[in-house]
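My questions all concern the structure below.
Note that the chains are named A, B, C, D, E and F in the order they appear, and that numbering of residues resets to 1 at the start of each chain.
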């Protein structure tokens, strides 16, 4: 079976820079996969992407060096398995707030006896190889999103859950859960401290700590803070920002902010 | 943020005529959005429409004056949020029969602290504007479908649920729940009375009462009965009926009924 | 091979009422095919339909009693054959103005030695049957659109062209070619006379005369005028009109006209 | 309503050979439907198929003699109904392990009062006929997958569940649940005995027993063992195997096995 | 009919900054349309975009302030008209090298008597308004690509062609035609001079001069050189470059170049 | 740039076994690409595949060892280039019957000065590498289909055409052109001789000779006859035949022939 290179990078202490796809296009997926990301995540939660589109994107990622991951829209038994069958080498699952949820999520990613994944690897065989079943439990990553106050309180237990390979911080929802405005890199001291603590906790547990960031610069800061896997914005934000910058350069003006509509 | 004009119409006592889409096509969605409907609903429950198709339809509706709504296939945390992120300005949710279900549904439509919607507004920003997050909780409509005997019994409590903006009656399923044949405008006295009572209850609660109808004429009667929002059939029925009428006119015959197959 | 029932209707003097699809949806295609049309045409010229969508629509029509036809976007060798391979039982080809163009078009619809269609019947085998090749030349209809002044002058020769099964009048473009405003049922005497003459010419030639109409009533008039095949509007117009009528009925107003934008 | 011919075959003791679709293509669905299968199942669990693709495939199957079935990804209220509305004449539901789950699943497939299916038959009307509602509960099949040790223990009770028309054995997951390597025709004596017992139990209950097989030959053995419905591999496996055989014949070599990647 | 704001900008001497789409996605189209571009072009020549995808993209652009344009894959009668019917407000046509080709191209964009566009405006009515036909010839832009040595020689005559609204320089193909390596901003003196001359010639003719550029900075230079319409790269290049920059910032390295494969 | 391994195989005298795709699915494309074919061809002529679908299939093939090729629907300037831009490493072009057509076809596949391909390599860069432009003319294959009596007469001249890398025999159309029934392996002595002569002529010219076959066994015979590249049937035929064989094995009957419909 094709190795999941993210595991080796984690073992080597090498940072993982992860791309993030909200645009339902196999071509933009393939483009992103060729830019140098260690992994690229197809986002079925906040991306404009359903299962039919996700399969095409995972196929496109398969011809790139990037490890294909997917974020599910919820901790759903069927969706997790469908995306693994479609060739995802790891699942990022939102809103894991308790050890019970963490165990359930992990069980969806592993075949019995370790878990309850149903057999039928489909594209897993094409991307992973004919010996997929023998090694899938070892290669596939299960990353639990920490994005509530309750999850923070349970972080150690979640990290200790067998089959959970790491955590992935959703900073916007975490801010909301702490009563703050959503911000990928909130200046709020409590939120900032909590996020730092999560990286440290993952380090202590010998597991992966990932986080969504608003830019490459912010991602660099998160790596310095102890995170192993950073996502420097999604494709939609990268494209929009690059478009505005190009327009500004062409017009000789400062890059515009997206205007607010007149309703308010 | 772009205003949800349905709220103003409700405040003004202006009736809302709502289009309904079962055909998975962005072009027919756009066509419908330009005909004068106040809102148009993408139906992911009984329509032949999955998420990938729904996004394209919501995009098409965005260039029309009609407010884009969506009916979800069930009260699912993930699906409600995905459709809001995709730009729906309101969710119609089937089978809300208890105050607990109503609260849960409403919570999926609102950001914390009011609810538990996850942050990532995607197309919401494009359709709504850059200040989407600040106003989304106010603009987005949560309409609970009343379509069981239990829901009727709980109607007042459902209407009193914070965050529920109104009810939407599913007359076919309501008939079934009362042991009657499904009919949008059932002649059954009990069902007829119950539906009238629902409009009145919504009026008392200062919330919106919507209902699915089989035709424009039936919709007019429902408005007279006190409903604020009426759906005069879906696109599939409108198209089929218009097709049969055109054929009949061409042939000089009476419009045909869809023939029954010979199996029975 | 499955018979092309349009031929029998023509032989019987039975009118052909034809549906017309501009919406790229297999579901609306299937709906239309079940309403009683003798044939339904997938329009790749002015419809919002490319080849990938057309195949799905022809598949959907295959489960209905309607004979599946396609209008190509131009007299293109490849496109005509692709649509026949995809199961169309007849091709309506725009802008046939000379006998040479007519011969060329007909040759695209027939296998050698009668024509130059390339072998590879694909869905033709599924819809038509395993003996498709033996009978396709006989069953498939080639209908040449008459829509220019030049075509009118050449109508007799076009109708006399071997392999051309009939003509199909495009009244809007015909009006334009005669310097009149486009109108399906133009009141202009010259255009009206020309169109009537075309039906008569086809009758004399023993071939089919079809025409696009704006409504069922107009279609009835065309049948009375001698046309054999009439199209009472397309799906988009039927749906839009039905939508406006339903809204008007719901609001208790007269059906609206689509408003003109303020640019002019 | 069009009859579900599978019921008659079961009554006649005629075997049911079922096709299985993992490739998201309406054309390959239609091809399979024309090869002689009694039914063809669209697999939304391990197939690379979301709802939007499934609808197109069910449409394509509608023009073939094969009865259209669907396997859902999980026992989900909404998905079961959506697929029935999309014209499936039967649902195969994974992971039914208890009578409670069996009752719930069956209730999703029937209208009240027998079940809780929501009204809105959509394509059901097109494929089944205008009297769909009157007969759907009788025609639609609900097949519960037996694929866990718990399900085996509960098999008699599951088979006795009103509304459950039969069982469908998932041999790979069953192997896993018994601690064996997944294999469609496991040589493990306990698994082999359990599977044989399931066929016998279904026979005693007067209900259908189906099973997934790895080949036509294996399917024949299962029929001999007492199964009524057999699936001789899915489209992906048939195509891959046929491709390898053709290559081997062309090269004059033995058919290759899919190579294992070098990671392990 | 909705005005084509590009005409006003040209009349006002205001520069036109044009976006360019090679990614077949309605969501990325919509994103680009909201960033401040005066127009956005769907590229059916070198973009990964067929007609079915292009329609969805033009629909998405319709809800943005950007004027929707399309580049056709060749000067094809049918394709030009299909894209205008799909709502494009202008066509950029490759490889116009002679006045005859220019006349032909222009004729495809105009209704008779000015041209030979076939009637059937479809989405034109939805985006443009009900009076589309009356004004389409005035609003729709026909931009001829100058990208061969022959075209350069004929530039004045092409610019003088009635119905041609301007030229659009394809610098890469122009380089190739002059025997130079393709480069959007070639340092080759002859090519550079030729391009400058083209802007001047358009200015003298009172017509629009557009050009493809590799970046916002290069676009600014082209505006200074006399071009009216500049395209600062396409979406694929913007996204890829933004991705590489984000990765570099995250890793603290210099942005990478796309690596060359080892074949050579 | 990634090497086109077909060239090396030709130089080595190693046979090329080519897969053929008529099913518009990226998953079946990927499956086929993993079975051991040296190349796989996406068929846009007789396959049910438009450009949008073809791109997804070429992407899927990119993750397999098979060289991605495409057959165009006709010798169209735009379509040839679009498919090369989409990553095809070779084009098979139908109906090349004269040296002039051969030159034209070859010119579409090469950049100036060798040909007239327009610059914009898109997916070519992703599949081929960043140095695509420097080597594309060398790597990309142009294969001219010989399938008319005229082409046979001109075979030597076509093979001598600079830029034409070989011929590909279409035996069905060739039969038709010789007045015989279409058959991949016609027993007609003249056709059989002509096909053998074509292989020999290609050998003498040092160019590739390919041919479509009905099975692996027939392909083996063609290799023995001197052909270098053989296609043992397409995916649709492989799947249909495998399906019928599986059904027959399950039923214990002889494999069925597709039944002829009762129309004739």
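We take it that a residue touches a chain if its C-beta (ideal position, glycine included) is under 8 Å from a C-beta of that chain, and two chains touch if they have at least 3 such contacts.
Treat the numbers as computed from the prediction; the structure is a model and nothing was measured.
Student: Which chains sit in contact with both members of the pair chain B and chain D?
Tutor: Expected: A, C.
Student: If you tally contacting C-beta pairs, which pair wins, A-E or A-F?
Tutor: By number of C-beta pairs in contact, A-E is the larger.
Student: Which one of the chains is farthest from chain B, going by Cα centres?
Tutor: Measuring from the centre of chain B, the most distant chain centre belongs to F.
Student: Suppose each chain is reduced to the average of its Cα coordinates; what separation in Å results between chain D and chain E?
Tutor: Distance between chain centres: 51 Å.
Student: Roughly how many whole angstrom separate the Cα centroids of chain D and chain F?
Tutor: 36
Student: Hey, how far is the Cα centre of chain A from the one of chain B, in Å?
Tutor: Once rounded, the distance between the two centres reads 34 Å.
Student: Which positions in chain D are in touch with at least two other chains?
Tutor: Those would be 22, 24, 27, 31, 34, 48, 50-52, 55, 76, 123, 236, 258.
Student: Applying that definition of touch, give me each pair of chains that meets it.
Tutor: A-B, A-D, A-E, A-F, B-C, B-D, B-E, C-D, C-E, C-F, D-F, E-F
Student: Write out the stretch or stretches of chain F touching chain D in their complex.
Tutor: Against chain D, chain F makes touches at 15, 17, 19, 22-25, 27-28, 31-32, 34-37, 48, 213, 215-217, 219-220, 223, 230, 232-233, 235-236, 238-252, 256, 258.
Student: Which residues of chain A touch chain F once you look at their complex with the stated criterion?
Tutor: Residues 26-27, 30-31, 34, 55-56, 59-60, 62-64, 123, 126-127 of chain A touch chain F in their complex.
Student: Along chain C, where are the residues that touch chain E in the complex?
Tutor: Interface residues on the chain C side: 22, 24, 45-53, 73-74, 76, 94-95, 147, 170, 172-173, 176-177, 179, 182, 236, 257-261, 263-264.
Student: Using the touch definition from the top, list the residues of chain F that touch chain E in their complex.
Tutor: Of all residues in chain F, those touching chain E are 1-3, 50-52, 55, 76-79, 81-82, 85-86, 111-113, 118-123, 125, 128-131, 133-135.
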